[in-house]
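These notes open a run of structures that come right after.
Next, two complexes with chain A in common: one pairs it with chain B, the other with chain C.
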Partner chain A sequence: MEFLCNLNWIELLKCFLVSGVLCVIGQILIDKTKLTPARILVIYVTTGVILGGLGIYQYLVKFAGAGATVPLTGFGYNLANGTIQAAKEDGLIGAFTGGLKASSGGIAAAVFFGYIASLIAKPKIKKQ
Partner chain B sequence: MKKIGKQTIKFNNPPTILECATIVGPKEADGPLAKYFDRCLENEMWGEKTWEKAESKIVKETANLVIAKSGIPANEIEYCFAGDLLNQCISSSFGLRELNIPFFGIFGACSTFVEGLSLASIFVENGIKHTISTASSHFCSSEKQFRFPLELGNQRPQTSQWTVTGAGATILSNSGQGPYITSITSGKIVDMGIKDANNMGAAMAPAAFDTMMTHFRDTGRSPNYYDAILTGDLGYVGKDILIELSEKAGYNIKSVYNDCGVLIFDKEKQDTHSGGSGCGCCASVFSGYLFKQLKEKKLKKILLMATGALMNSMSSQQGESIPGIAHAISIEI
Partner chain C sequence: MDNPLNTQKEYQEYVNQKSPNSPILKNCFNAFWVGGLICSIGQIIMDFCLYKGIDKDISGTIVSIVLIAISAILTGLNIFNKIGKFAGAGSLIPITGFANSIVAPSMEYKSEGYIMGVGAKMFTVAGPVLVYGISTSIIVGILYLLINAAV
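After this line comes the complex of A and B, so read on.
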């Protein structure tokens, strides 16, 4: 119960609001355009990179925390941010290594959990 | 046989559709035509390890079933025409490899069923006694090949159609009491520049329109000659487009026209978005439902027009448009 009491509900609301809006944009793109889900995915990542590189996305991260870093745009932001940071520290080499370094946790987790899921789950037909 | 008009062949001794058989998947079995199918599967996998193996098994068992139902010994069936949607038509060739009947693998995308019947009827008209034709599709193997693997779990857009899991098989014979294939109108490739692989009804409707108009012109018939005009798998989107195109050309087909992709699923209960599609759609609706309607003389003259979208996953990725095709056969009893 203490955990619930200590929750910052306003923070939580902001988090869900921002990630929810990002999802709504994706849903509109699926329903109203001919973009395939794979393309939408790539658009989200590159948008995150661009907004991150221009220093815009960080305001969203400050405002919504995980609500902005967990969606795919957050992955793009992470790539851009890591690249810029590392380039400042290590120069040209950093520009190449920084992006993947910063996002390595996410990438490794995706591979690991994807592998686990493929071991325990079987593809099934869709409901609709 | 005699060529009439530009694209139509009229038969002097029309081949009889002796027997039909169809096996479908569980979703089709939940649909409004369930009672007409010979066999409904409880599971899309049918005890196999892969979707592809399951589809081959459906083809194999449907062919065996139609042979058994017809009572004609397999060694008296002289030619086999079969096709499906998978690369190199493996569902048909793997499914029918033990059939021991001279085999023509054909590809006309979802128009394959009628393409097979068209070719088989020319053979039968020219002295062949019995032929077998099959066509099949499987939702899961098609999604994997043409769109996205099921593991991705992505949403299907509203215009997309649901590939029917199922196969239809028919035996044509040079003697019998009908229903007869009296003429065939083979379609041209029509490409109106539609690029969306999730809106195939719109890509195929112009081809269906072209073949239908050519059929009327070649034969001198009009829509009201037929009790029913059926397209293979235009779905809801394509069906409306075909009605509209016909109206503009001065033909009112509304009262006799329907689409197999619309008939096979329940729009409200099953939510397939834009209806059914796939080789198995036209094949199972004809072999299950329409054949029985013809046999019972509830329908006496029908124009069956299977529609195909002649793209592959590579052409979609490279941004090519989708060429459409439609093959028509008139069946009368």
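After this line comes the complex of A and C, so read on.
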């Protein structure tokens, strides 16, 4: 309960606004272009990696917290950030190990829970 | 005076003429608040982890894992596709959309077996995301090293 009283509402509002805008951009891409959701996800991750590599995306993360890290651009940022940190320490090997190291939790969870959920799921009966 | 919307056909034409703009605004509004809400839930989980004294990087990972687990299970229960239909990009763009993109095709191809059905189809959308994300990040790392070596 004490935790709920200490919630930072300003931070939460910034998070809400930034992630909302990121989703609206995606919605405009869906409605206005012929891009499939798969392409949009790829574009978001790649954009996140590039913006992270250029050192731009961390300002958004600092400003919006989870509002910038939870959208898929944040996943890309995480990859780029991990790669650069590891490249600093281990050189070329770090460029290969760092990205997945930083995002391993999310990827492993996605594979594991994705598999479990598919096992328990009943295939949808398609309506004619 | 004649009402221009008298016949059903005319009315249908009127609707078609008026409607193209409004769905996009409505879709964007729904995407905005659902996407914002999902990330705000992430922020609250994050704040809770930090409040418990957990390291910042690990807290971020916990947020991803919790959101992925919730959306994977909701997809399996056929609840997520209802949210997705309503929110569009609002549930696609957050990490929940990544988890959904893993479960949805593997559910559908379950009848093709557990290896080539569930195991392979999981990566129909997630595969390209990982391929392009990881490849770009390696290029970023190599460029970083090259630029630093040159300076």
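Just so we're on the same page, the second predicted complex is superposed on the first by the 122 of 128 C-alpha atoms of A that agree within 3 Å, B and C clash if a C-alpha of one lies under 4 Å from a C-alpha of the other, contacts with A are read in each partner's own complex, and residues count from 1 in each chain.
The rule is simple: contacts are C-beta pairs under 8 Å (C-beta built on N, C-alpha and C of every residue); 3 or more make two chains touch, one makes a residue touch a chain.
Since this is a predicted model, take the numbers as computed values, not measurements.
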item	value
Chain B versus chain C as contact partner of A:G94, first or second or both or neither	second
Residue contacts with chain A in the superposition, chain B compared against chain C	C
Which of chain B and chain C A:T83 touches, first, second, both or neither	second
Which of chain B and chain C A:T69 touches, first, second, both or neither	second
First (chain B), second (chain C), both or neither touched by A:C5	neither
Touched partner set for A:K34, first chain B, second chain C, both or neither	first
On chain A, the residue positions that both chain B and chain C contact, one per complex	30-31, 37-38, 118, 123-124
Residue ranges of chain A in contact with chain B within the complex	30-31, 34, 36-38, 118, 123-126, 128
Chain A-touching residues of chain C, taken from the complex the two chains share	23-24, 27-28, 31-40, 42-48, 51, 57, 60-65, 67-69, 72-73, 75-78, 87-90, 92-95, 97-99, 101-103, 106-108, 110-111, 118-119, 122, 124-126, 128-130, 132-134, 136-138, 140-145
Chain A-touching residues of chain B, taken from the complex the two chains share	27, 44, 139-140, 143, 148-158, 195-196, 198-199, 270-273
Chain C partner contacts - residues on chain A that touch it in the complex	3, 6-8, 11-12, 15-32, 37-38, 40-42, 44-46, 48-50, 52-53, 65-67, 69-72, 74-76, 78-80, 82-84, 86-87, 91-92, 94-96, 98-100, 102, 105-107, 109-111, 113-121, 123-124
